[in-house]
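Next, two complexes with subunit A in common: one pairs it with subunit B, the other with subunit C.
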Partner chain A sequence: MDKKIKIIIYAALLVALFALLFILEQILPSYSMLFTVLKKGAIYALVAVSMNLLNGFTGLFSLGQAGFMLIGAYTYGIFTIPTEARSAVYQYFDGGIINFTVPVVVALVMAGVAAAIFAYIIGLPVLRLKSDYLAIATLGFAEIIRAVFQWKTLGPVTNGSNLLRLYPTFKSVLFPFAVSGICIAIIVLLINSSYGRAFKAIRDDEIAAEAMGINLAKHKRLAFTISSFFAGVGGALLAMYQTTIQASAFKSAMTYEILLIVVIGGLGSVTGSCISSFLFIAASEWWLRFLDETTYIGSFKVPLLNPGFRKVVFSIIIMIVVLFYRRGIMGNKEFSLDPIAKQFKKRFRRRKEVVGSNEQ
Partner chain B sequence: MEFINTYLPYILAGISVGGQYALIAIGYTMVYGILRLINFAHGDIFMAAGFMMVYLSASMPLYISIPLVIILTVILGFLVERIAYRPLRTAPRMSIMISAIGVSYLLQNCAWYLTSGLPKQYPKIPWISASVSIGASTTTVVTLITPILTIVLIVALVLLIKHTKIGMAMRAVSRDFETSQCMGIKINSVIGITFIIGSFLAAIGSLLYFTNYSTVTPISGAMPGLKAFVAAVFGGIGSVPGAVVGAFLIGICENILKIKELDMTTFSDAFTFALLIIILIAKPTGLFGEKITDKV
Partner chain C sequence: MPLLKISDLKVNYGAIEAVKGISFEVPEKSIVTLIGANGAGKSTTLRTIAGLVKPVSGTIEFKGEDITAKDPALIVSRGITLVPEGRKIFPDLTVLENLKIGAYLRKDNLDDDLNWIYDLFPRLKERTWQMGGTLSGGEQQMLAVARALMSRPKLMMMDEPSLGLAPMIVRDIFDIIREINRQGITILLIEQNANMALQTADIGYVLETGRITLTGSGKDLLTNEAVKAAYLGT
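Showing the complex of A and B:
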C-alpha cells in the first residue's frame, strides 16, 4: 500500500474514533460503565505501552512501574491544587509550603519529567543488574518511594499519608484518549527509530548488540528513563481519573496488574498492549460484574455467585492465557490494516476475473 | 540495664520475626536454586496456610487441625508447581515468572472471595501463645520458640541436603539442570520435593507468624513473602544458611526501626528494600552466593 494513502487512512480512522467518542458522550449518560472502561483503559494503555517499551522491546525486566506512576501522580497533584484549596487539603501541615500552581498540561509534563529524573538516578546503579535481580531491585525502589512519600517529615510537600485532592480533573473521555494517544504515538516513533532498533538488538542478544557497537549502558538508561517518563504521565492521568491521590494505593499489585496486561497483549506489541488494557479493564470492571451479584433463576439460587467471585474467574482466565496462549493476543506483531487490505484486494481481483471470464 | 529493658522487646521480636522469615525464605532460595524462578506465589501459599488454620481449627481440635494444615499446604504447593510451572519448563524464564505472578493473583483473589476481604482472627494455640516475662519485659512463648525451632529445622534440612540421595540430586540439579537430567536424575520429582519442603516450612512459618500477629487477610502474605525473598537474595540466593542469616538480620533491623524514639516506623518496610539494593550493588551474588560467570 502507498505510504501516503496509509497515513490518510490511519488519520481518518483516528478522527472517526474521536468523533465516535464525542457522539457517545452526547448520547449515553455520563455514569455509564462504558466511560469508566474507556477512561481507565486509555490510561492503562499508556502505562502498559510504557512498560512494554522496557520489558518487551528492550528486554529489561523492570517491576518499578507503580513507583514511577506514584511520582507522576504526586507531582501532578502537588503543583495543580489551587492555592485557595491548599489550606483545606494540607490541613495538618499549615497549607503546605508550595504556594503556586501551574497549568494542567505543564503539570502533566512535569509529572513525566520528575519520574524520568528519578529513573535516571536509580538507573545508574540498578541497570547493571540482570533479569530477576533487576526486577526485584526496581520493585524494591517502588516500595521505598511509597514509604518516602508517606513520611511525615515531607508532609508539607506530600501531605504525609493523607489524601491529595481538589486538583483539576477531567470529565470528558476525550482528554485521556488525546494525552495517551500522543504519548503512545511518541513511543511508537521511538521504537521505529534507530534507537528502537538498538533496543530490540539489546533484547535479542546483549553481547551481540555490544559487538555491533551499541552502547549498552546508554541505551538501557535511555529506555528506562523514557519508559518512566510515560509511566509518570500515566500516573498523573490516573490521579486525574481517581480525583484523589494516596501513596498506599500504588502497591506492587498495581505493577503486577500492568505486567499481566502487557503479557496478555503480547510482549513486544504496542497495539497488543492497547487492546489488552481495554479488555482487561472491561472484563475486570464491567463484563464480569454479574458474577459478584447473588442471582436467582426462578427460586434457584445460583451457587458461587458472591462478591469477589468475579476476581476469581478473572484470575483463572489470566492463568489460562499465561499457560496456554503464552504469546498473548498479538504475539510480537502489530495490528495493521495491511492484511485486511490485501484480503479485500484479493477478493476484488477475483471478482473482476470472474466477471471478465463471464464476459468472454 | 535500663537500656536492655527498653530495647529487649524489640530485639526479641526481631529475632522471632527473623526466624519466621527464615522459614519462608528457604522456600524461595531452594526453588530459585533449582528453577531460577522467583516464586512470587510462595508468600501467598504462606497466607493460604494461615486461612486453612482459621477455618480448620473452627471445626476440629488443634491436634488434628495443625497436621492437617501442614499437609494441605504441602499439597497446595505441590499442585501449584504441577499446574502452573511444570508446563512452562521449556519456556523462557520470564513466562514462568509471570505465571508465578498469576498464581499469586489467583490465590489472593480466592482468599478474598472466601473471606469477603475481612480480616480473620487467628486461633490461639494454647501453649505457644502464653506469655512469659524475661527481666522486666513480657513476651509470648512463640517469640522464644521460633528461633529454636527454626534452627532445628534448618539443621535437619542441611543434613538432608548434604547426606541423602535426594539432597545430592537437588544439589546436582541446581548446579546444572541439563547435565543432571542426562545422569538419570528425575528432574520432576526433585522439583516436586523441593516445593514440598518449601511449602512445609512455609506452613510452620505461618503457624508461628500468625500466632504473633493474630489476624490473617488476603494480602498478609505479600509483604512477608517479599521480605523473605529479600532475605534469600541478601544471603546469596540458592544458599540455605545464607537465607537464614539474611532473614534474621532483616527481622532484627526492621524491628529496631520500630523503636518509638527513632520515629522511623514508616521506613521499616522500605528499609528491607534499601538493604536489598545496597547488597545487590555491592555484592550481587549475596553474602554466601556462588559466583556465576556468563558464557556467550
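Showing the complex of A and C:
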C-alpha cells in the first residue's frame, strides 16, 4: 500500500472514530456503562502502553506503575483545585500552602514531569538491578510513595490521608481519548525511532547491545523516565475520571491489573495493550456484572450467581486466554490494516476477473 | 606502529585471575589469531579490548591512543568492533534492524554500507525482513559479522566464529573473513578450531591459562610439535 494513501486511511479512521464517539454521546444516556468502559479503557490503554514500553520493549521488569500514577494524580490535583475551593478541600490544613492554579493541560504535563523526575532519581540506583530484583525494588518504591503521600506532615501539600477533590474533571469521553491518543502516538514514534531500536536490542541481548556501542545505563534510564512520564499523565487522567484522589487507591493491585493487561495484550505490542485494555475493563466492569446478581427464572433461583462470582469467572477467562494465547492476544505483532487491505484487493481482483470472463 | 598494542594486560574476575599479564601486537591489515583451550583467557582478552570488562593493570593502545578501560561506545566509535561468542544477534529484531543497530553510533547515511553488506552476504538480502531468531545458525553468524561491519571498523574482533557450525559453513565463514581482510580490515580472531584459524592467520599467539606461551606465523605454528600435540590432535 502506498504510504500516502495509508496515512489518509488511518487519519480518516481516526476522524470516524471520534465522530462515532461524539454521536454516541448525543444519543446514549451519559450514565451508560459503555462510556465508563471507554473512558477507563482509554486511560488504562495509555498506562498499559507506557508499561509495555518498559517491560515489553526494553525488557525491564518494573512494577512501579501505580506509584508513578499516584505522583501524576496528586500533581494534577494539587495544582488545579480552584483557589476558592481550597479551604473546603484542605479543611484540616488551613487551605493548604499552595494557592494558585494552572490550566488543565499544563497540569497534565506537570503530572508527567513530576513522575519523570521521580523516576530519574530512583532509576539511578534501581536500574542497576535486573529482572526480579528490579521488580521488587520498584514495587517497594511504589509502596513507599503511597505511604509518604499520606503522611500528616506533608498535609498542607497532599492533604494527608484525606481526599483531594473539586478539581476540574472531564465529562466527554472524547477528552481521555484525545489525550491518550496523543501520548500513545508519541510512544509509537519513539519505539520506531533509533532509540526504540536500541531499547529492543537491550531487551534481546544486553551484552551484544553494549558491544554495539549502546550505553546501557543511559538508555535504560531514558526508557524508565519516559515510561513514568506517561504513567504520570495516565494517573492524572484517572484522577479526573474518578473525580477524587486518595493515595490509598493506588495499591500494587493496580500495577498488577496493568501488568495483566500488558501480558494479555502481548509484551511488545502497542495495539495489543490497547485492545486488551478495553476488553479487560469491559469484562471486569460491565459484561460480567450479571454474574454478581442473584437471578430468578420464574421461581427458580439460578445457582452460583452471587456477589463475588464475577471475579471467579473473570479469573477463569484470563487463565483460558493465557493458555491459548501464550504470548498474548497480539504476541509482539501490531494490528495493521495491511492484511485486510490485501484480502480486499484479492476479492476485488477475482471479481474483476469473473466479470471479465463473463463479458467474453 | 602496530594498529593494536597490548602491554602486560591483567584481568580478574573477582578473585580469579583470568588473564595474567599478556602482551601482543596486531599489525595493520593483518589477520591475527589467539588460540588456546577453554579458560585460557581468550574471550576475556577480547572483551577487555572492547571495554566490556575493565582490566586490573596493563594498557591497550589503538593507533597510538590509550583506550584502556574506556567506554564501549567510545571504543566502537574509534573503529573496534566485536563479533561476540555465540553470535548474540537480536532474535526479535529483523535482519535490517540488526544491521542498523550495528551502525547505532553513526549518524550518516547507511545506504552504501547496506549495499556493501548485501554484496558480501547475498543471503541476508533475501532475509531483510525476517526476524533474526528465525535464521539458521550459519546465517546468524553471517548476520553477526555483518552487524559488526556496519560500524565501519578498522579492527574486527571475532570470538569463536566457528562455534556450533557445520564444517561447510565454517569454510564459508573463513572465506568471508579473508575477503573482509582483503578489503583492508584488520582481524583479531580467537578460535578453538586451531587448524582453521592458523591456516588463515598471518600471526598466531598461543594462550595457556592466562599467559602467552608461543608466538609465530600461522604456518610455523601449524607445524610446531607442541601446538600439534596440544591443539591440532595430530
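One rule holds for everything that comes next: the second predicted complex is superposed on the first by the 354 of 360 C-alpha atoms of A that agree within 3 Å, B and C clash if a C-alpha of one lies under 4 Å from a C-alpha of the other, contacts with A are read in each partner's own complex, and residues count from 1 in each chain.
One rule holds for everything that comes next: a residue touches a chain if its C-beta (ideal position, glycine included) is under 8 Å from a C-beta of that chain, and two chains touch if they have at least 3 such contacts.
This is a predicted model, so every value here is computed, not measured.
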TODO: Report clash or fit for the pair subunit B and subunit C bound to subunit A in the combined superposed model.
DONE: fit
TODO: Check the residue A:F141 against both partner chains and state whether it touches subunit B (first), subunit C (second), both, or neither.
DONE: first
Open item on the list: To make sure I follow: the centres are taken over C-alpha atoms, the vertex is subunit A, the ends are subunit B and subunit C. What is that angle to the nearest 10 degrees?
Closed with: 80
Task: Comparison of subunit B and subunit C by subunit A residues contacted - done: B
TODO: Figure out whether A:A201 sits in contact with subunit B (first) or subunit C (second), or with both, or with neither.
DONE: second
- [ ] Please indicate which partner A:E84 is in contact with in the superposed arrangement: first for subunit B, second for subunit C, both, or neither.
- [x] neither
TODO: For A:N332, decide between first (touching subunit B), second (touching subunit C), both and neither.
DONE: second
Task: Overlay on shared chain A, then closest C-alpha pair between subunit B and subunit C (Å) - done: 8
Task: Residues on subunit A lying within both footprints (that of subunit B and that of subunit C) - done: 207
Task: Residue ranges of subunit C in contact with subunit A within the complex - done: 50, 52, 71-73, 75-77, 81-82, 84, 88-93, 97, 100-102, 104-105, 147, 151
- [ ] Please name which positions on subunit A make contact with subunit B in the complex.
- [x] 55, 61, 125-126, 128-129, 131-133, 135-137, 139-141, 143-144, 146-148, 150-152, 207, 252-253, 256, 259-260, 263, 267, 306-309, 311-312, 314-316, 318-319, 322-323, 326
Open item on the list: Per the contact definition, I'd like the list of subunit A residues that touch subunit C in the complex.
Closed with: 194, 197-198, 200-201, 203-205, 207-215, 268, 332
- [ ] Mind listing the subunit B positions that touch subunit A in their complex?
- [x] 32, 36, 38, 84, 87-88, 91, 93-95, 97-99, 101-106, 109-110, 112-114, 116-117, 219, 222, 226, 229-230, 233, 266-267, 269-270, 272-274, 276-277, 280-281, 284, 296
